[in-house]
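You will see chain A twice below: alongside chain B first, and alongside chain C after that.
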Partner chain A sequence: MTTRIVELRRSILKKNDELAATLRQRYATDGVLVLNLVSSPGTGKTAFLEPTLRELRARGSRVAALVGDLETDNDARRLAASGAPVRQINTHGICHLDAEMIDKHLAGWEGVELASLDYLFIENVGNLVCPSSYDLGESIRVALLSVTEGEDKPLKYPTLFNSADAAVITKMDIAEPCGFDRDLALKNINQIRPGIRIFETSAKTGSGMEEWLAYLEEMASRRPS
Partner chain B sequence: MHELSIVASVVDSVTESVQAYPGSRVLEVRLRIGALASVVVDSLEFCWGIATEGTPLARSRLVVKTVPVVMHCAVCDKDVNLEGVQSFRCPLCDEPSNDLRQGRELEIESFEIDDEINYESCLEKAEATTEKS
Partner chain C sequence: MTTRIVELRRSILKKNDELAATLRQRYATDGVLVLNLVSSPGTGKTAFLEPTLRELRARGSRVAALVGDLETDNDARRLAASGAPVRQINTHGICHLDAEMIDKHLAGWEGVELASLDYLFIENVGNLVCPSSYDLGESIRVALLSVTEGEDKPLKYPTLFNSADAAVITKMDIAEPCGFDRDLALKNINQIRPGIRIFETSAKTGSGMEEWLAYLEEMASRRPS
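== the complex of A and B ==
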């Protein structure tokens, strides 16, 4: 039998990577800062985004959010209370968002033009594994971790934490009753992603939010205008 | 969890590329998967049979090569291999680094095809040409 080896050297997620590159270019042209928020289910991505959207709007910024879940539009309804345009993406069983879902939901989004936004937040499906492989063209990938999850989460999910640009610890208001070892958590995050910006926050008390908002404004001001 | 989508992308890609070799059957597909890619090789193999059914890849072998993480250490000014994915410090000088040069790959390296059918059809053509002349 004659056989032949065909060299391909092609990314398995080539289609996603190419579309993500196109989206990244579009975000840059339209001058919008896009953030992809990733965490386990229940970390509090939505609770963290609620005051983020509210406060940015109060400061005069134009914000919008896309929110991914397997089912229901509960999170979109919660976030829409901030007054910002919010669109739910239901993946119906798929464990992550991909560039095509983002492209499709940006396309048919009535009343929302990327060029008229300062910030677009993408709340990914709650999952610390699969979203790390799918580039959405974002400028900043944010990994969130709550005080109830265990300080070793970054060590258990190094792929995601290593690919993040910023880390947010949520639910700091209950850190003490949970026996949360803050120093150990910070050490573990730094071990997986040396030097990453870390925000210690509570959506309930508002602690740490000021620092987070200042970071967003600083990142937004670096965009070419 | 996303291994089935990964396998489906591989099947699509190879099916498309193999069209350049009409009548060929795919015998083997070779992937390069980075140690930091978060892909479970066992799950890829588990999905392989089902995902390739009814495609030119049916009954082919899947070979996965794991690619270690390589980071660049600015202090040593060289690329160094990391033993695992639990610490991103230079094994030589302990300097932390985020400058990864390898280890996130999700790549189709190559595939092997059975070229016999092509070969036979070539022979037939050649014979037909000879008969005519």
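== the complex of A and C ==
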């Protein structure tokens, strides 16, 4: 049984990687920066994306978001308040997004053309494990971690942090009541992924958001146009 | 491909259910109350289990714990400080515990006999999705949710909350700085699982722990002995 599972898993991942490579090529051709946001449920991906979408739009950028959840379209509705086009992907029991879901939802997205976007944000299903294995063709994988979660998460979920291009610490406004050990968290992230860009943010107070937005604009400016 | 996955998944779950039924029978014969704790990473399962193990031991109960994590034995070391026997299960990439892992780790656990225990706590891998599908033969499935995670988690992860026997809200001490909406959280839990026992706790201040311990003792007293 185990051998069959390992083989089938390998075959699924291989198929996913092939489609992700096609998507990656398409994003590059269309000149859109695609970010895949991965974290535990409740880390605050949606709360972090709200000001991100709003601010980028205010600066004249064209942004859109795909949002993965098992059930409900709560997050999509929250993000749509930014004015950006947002599409919910309900996975109905699947604990991650895969390249096929992205491909399908991009295809049927009325009024949204990749080539007319500067940024596409993909909010993955809240899960620190399986999303790490599924390449969505993204330009940048972002691992998020909140100050409430425990500083050893990077050590416990090395695959995610090791495959991430940037790390975002969320909810810095409640770092103190949570007893968050900042030095330890930074040390653990750097142990798994040395030199990774780390942003310390609060969606509530806005702290750290300026640095994050500057990073996005810098990464977008490097895309072929 | 999808059909093959669904079939294989069904076959894996069926096999798991059969072994879980055997384990359940064994727990009953041995008179041990087995609890399976499931939550998001960072909800505070370990911090909640620390005083639970310590207090039950102080009252003369015989307790032990199995702790699932992808990597590291941090949690097992934390729990072992209670003096209870604790065994780490490293899943190395698997995002949940299954009945076979439990069976294997019970078998090779030096110095620990199920029949000599009152309580066995199983701390599952931090994940709100896949652990819901894997029966470990537990007497009580506990879904944990922290005040930092967002009140709509029960709606977004209905399978877990719908299959849980008790719900524990953790980190009540930081409910206020987190802007936790208690009424909404209780409403959402009850919408998915009407009438479920809910404990509002703080491992830091100890609030709610007395009620939780009384519940455990009540449930244990109902076991055949």
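Criterion: the second predicted complex is superposed on the first by the 213 of 225 C-alpha atoms of A that agree within 3 Å, B and C clash if a C-alpha of one lies under 4 Å from a C-alpha of the other, contacts with A are read in each partner's own complex, and residues count from 1 in each chain.
The rule we apply is simple: a residue touches a chain if its C-beta (ideal position, glycine included) is under 8 Å from a C-beta of that chain, and two chains touch if they have at least 3 such contacts.
Here the structure is a predicted model, which means the values were calculated and not measured.
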Touched partner set for A:L8, first chain B, second chain C, both or neither: both
Partner chain in contact with A:G150 - chain B first, chain C second, else both or neither: second
First, second, both or neither for A:G126, with chain B first and chain C second: second
Chain B versus chain C as contact partner of A:R193, first or second or both or neither: first
Touched partner set for A:T52, first chain B, second chain C, both or neither: neither
Touching partner for A:L70 - first (chain B), second (chain C), both, neither: second
First, second, both or neither for A:N162, with chain B first and chain C second: first
Partner chain(s) touched by A:S40 [first = chain B, second = chain C, both, neither]: second
Intersection of the chain A residues that touch chain B with those that touch chain C: 1, 4-5, 8, 11-12, 15, 95, 127, 129-130, 155, 158-159
Touching residues on chain B, where the partner in the complex is chain A: 1-2, 5-6, 9-10, 13-14, 17-18, 21, 24, 27, 31, 36-39, 85-89, 96-98, 100, 104, 106-116, 119
Chain A to chain B touching residues, read off their complex: 1-15, 94-96, 127, 129-130, 132-133, 155, 158-160, 162-163, 190-195
Touching residues (chain side chain C, partner chain A) in the complex: 1, 4-5, 8, 11-12, 15, 40-43, 69-72, 74, 93, 95, 125-130, 146, 148-150, 152-153, 155-159, 171, 173-174, 177-178
